[in-house]
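Letters A, B, C and D mark the chains as written, and numbering starts fresh at 1 in each.
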């Protein structure tokens, strides 16, 4: 993402906890989050989870301490609704602006500037970010003027993908144990009603049991379902299918699946069926 | 389907329990299933459930009694695996041939000859039917030489659709109660990862609560999930997501949903969330 | 049960599909169900499932054909609601009377005349059976004047026991993986809030993994949960916990658990937890 | 509990955030947690949740700051495993001792000194507390030398109670809709296999729909199931029945059940069944 912004002519200062990852992209290198934020107009963050973002944001060396008043923090990470709400307040208290802009897309899509962005925040703030979104994404969607709602959307999207994995896992276990060729079955599905890429991608991963190396590791899937359930709890929305997914992920992790792709939960139905 | 076969130049004799439904299509009208089967090379059946098919097939006036030796019965209905297995044996005992060829597609697709056919049976039998499949369907898939396996595939396909309905229902309840505009949310989903028609169709039905008149009524959905679970039981394949769907359909029926489209289970998550 | 009736001075004619099982109890031996029913005032049946009872009841050599008008059939088996309803009608059509009286209790309790009986039927019919119930059971309960309702009660009782097994299985997996001594844990539970015998019995079976020989085999447990779910379907009552139990039993059977006691489902939570 | 300790002759200093609740019991009144802990040999705490306990424990006016080295903190609250682990470390760092001793029993049992205590901690520490446990409880159980494990046991106990409520709720919905008198049904259950008080108590609450005033309010039940699930997540133990209970509690809360007794989840099966 940073490389694309640089290539598009923007002046970018980079900070990464592993400095070698920031090197060679062409941007200036900051020694701390605070230094990266100094004088910035727009600050992008992209990290793995709440804790990493909080570590960058808060405290003496955190970016909130040094981001100029009126500047915008654009958070692209898949974080909890609660974390986004806390950041919204912290930035407001500091006279700064906050936009949540989580992304959909695998690393290849990010490299190609072909992400999808789900953005939420004050309309003027999003408008200010739009030219940058256009560099990073093939399309961006504006969902709400409350930033944390974009995070809810992103989390629910990952829930929907996990639901596809589970449903394919059950269906493939059923027809497979019933003697149907699973490849022909998948071909039928993805040539007809289930033509979305998500069915093709995950159907093949389950079929081939191609879970290593992980494109998106099981602990991250488990974390996202936990965040979905927490969001549901905060809103009093029961989510029985998400609960089922939770138990699938814990089963996978309990059996040594830490390093596997999250689609490995799609094999648990087959395992339970004795396949 | 019959109209398309007639239009394609085939000689067709029709039987329907409600004779007026068979009239006007251009084919000869038979007074009983047995009469319809007399002298036939290929007999198609399309009914609502096991019981209806058994009623047509067995007994003195049933078609098994009169179908010529060597003729083929092509069953297009969504029936149970057990029912298809019983027919396989009954036809074999009578020196007849049996092909299972359940279809995917709404009535409009049937009228346009744009169904999808999931066929299973002896290769020679399927080859004999292929020219007729080409009239009825935009594409047909051959899945196995054991007829009942096509029924398993068809049932699992309906399970996958119901899983989409449930997952969308939960996701829309979550983001909706969280303040996100559901139409914008659906637009994002179906423009990105979930571009399959099934998401668009069912997402809109849930969004608009457009459940009447039913395209596919809730009792039929409930029946199909029951047949999926029965197939799973016969094979010792646990199917927790299908179990969840079962309970959703019973909840819907318990609350007066008999006449609603099966996608109305996609509102139950919202109802449980107090929306 | 028969031995107890004989010991109490009743004149008993016995029929068992394995004649050696009826020999030596002191009663006359009949060569067929029809012969056993000839001239009887009250006919007791106790078999493993619907199919066995239907085989005894119907047809030329079945007991309905020969039971005198006005005589009572007392069904003690754990059968489906639908099977009991069919028998109610068949006996009525034959001028006979029908009482459902399923029992709770292991074989030792039957031998000691210490069963519990859950009876339903016309009050006069039950009154006529009461002296015999008093021989067989430590206590009998009258639940309804519709016989099949006693079967619903019996099935729901087995559901409640299976629910205890599942809940104990999850709790023991949790505290066990958390480092708590499971025996001390069970002692605490059964000495305090969970003092019912069912917790002691099944807690110990799970703790000791003492699943062979089966006191009540897994396929019978699976069958009873299926009948509970079928009854729920007939009444449009969703039963999510019963659905969970269904999937547990299928998982157990899929992994070679045919010969194990049904309490072996209480180990699946531990297995999923990697214990 | 404090009254019983005072009555038994112990010298007690009391602290309650609502001072009027501490008045009149006969003990000295402290103005802060820190003051209450000064010079104490054994400090008991009993509060509603983690946050309340953390507020009392930590910070300048918290009791950790003033409890003498070698003194024992006995935590009787139903708190999370993580909270108990944090306290274990904090007390160790301060040279103090920590015992977890959550209790089972309603307020009446506490008043009568008839609680059950589930204790865990270093054997010498528990031995020092034993005379006090004997005042408070009819029986105490020692479960582990790791304090937090007692909290896991307590949470799992509440899970087991909630499982009883759910299973009774489903069974009563099933037999009730099937025409069986629910009171006779409960009488049968609790006179036979399910004779534990928990079935009688909760069965009657569900039967009478006697949910107000709450003996144990729904939000507390929801919290405890959340803590059970969190403990399961920390240990990678999937708990599908706990997941079902979670969704039941959220459904109840979403529909205005905040003030109801937690046993009100036992009505949701009936509601779903249209009763």
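In the analysis below, a residue touches a chain if its C-beta (ideal position, glycine included) is under 8 Å from a C-beta of that chain, and two chains touch if they have at least 3 such contacts.
Owing to the predicted nature of the structure, the values given are computational and were not obtained by experimental measurement.
Trainee: Going chain by chain, each one touching the next, work out the least steps from subunit B to subunit D.
Mentor: Counted as steps through touching chains, the separation is 1.
Trainee: Of the other chains, whose C-alpha centre is the longest way from the centre of subunit D?
Mentor: B
Trainee: So what's the Cα centroid distance for subunit A and subunit C, whole Å?
Mentor: Measuring from centre to centre gives 52 Å for this pair.
Trainee: In whole angstrom, what separates the CA-based centres of subunit C and subunit D?
Mentor: Subunit C and subunit D have C-alpha centres separated by 37 Å.
Trainee: Show the residues in subunit C shared as contacts by 2 or more other chains, in ascending order.
Mentor: Only 232, 236-240, 244, 247, 250-251, 254, 272-274 qualify.
Trainee: Can you check the complex and tell me which residues of subunit B touch subunit C?
Mentor: 226, 229, 232-233, 236-240, 243-244, 246-248, 250-251, 253-254
Trainee: Within their complex, state which residues of subunit A touch subunit C.
Mentor: It comes out as residues 240, 247, 250-251, 254-256, 272-274.
Trainee: For the complex, give me every residue of subunit B touching subunit A.
Mentor: 81, 104, 116, 118, 139, 141-144, 146, 149, 152-153, 156-157, 159-161, 163-164, 166-168, 170-171, 173-175, 177-181, 184-185, 187-189, 191-199, 228, 231-232, 235-242, 244, 269, 272-274
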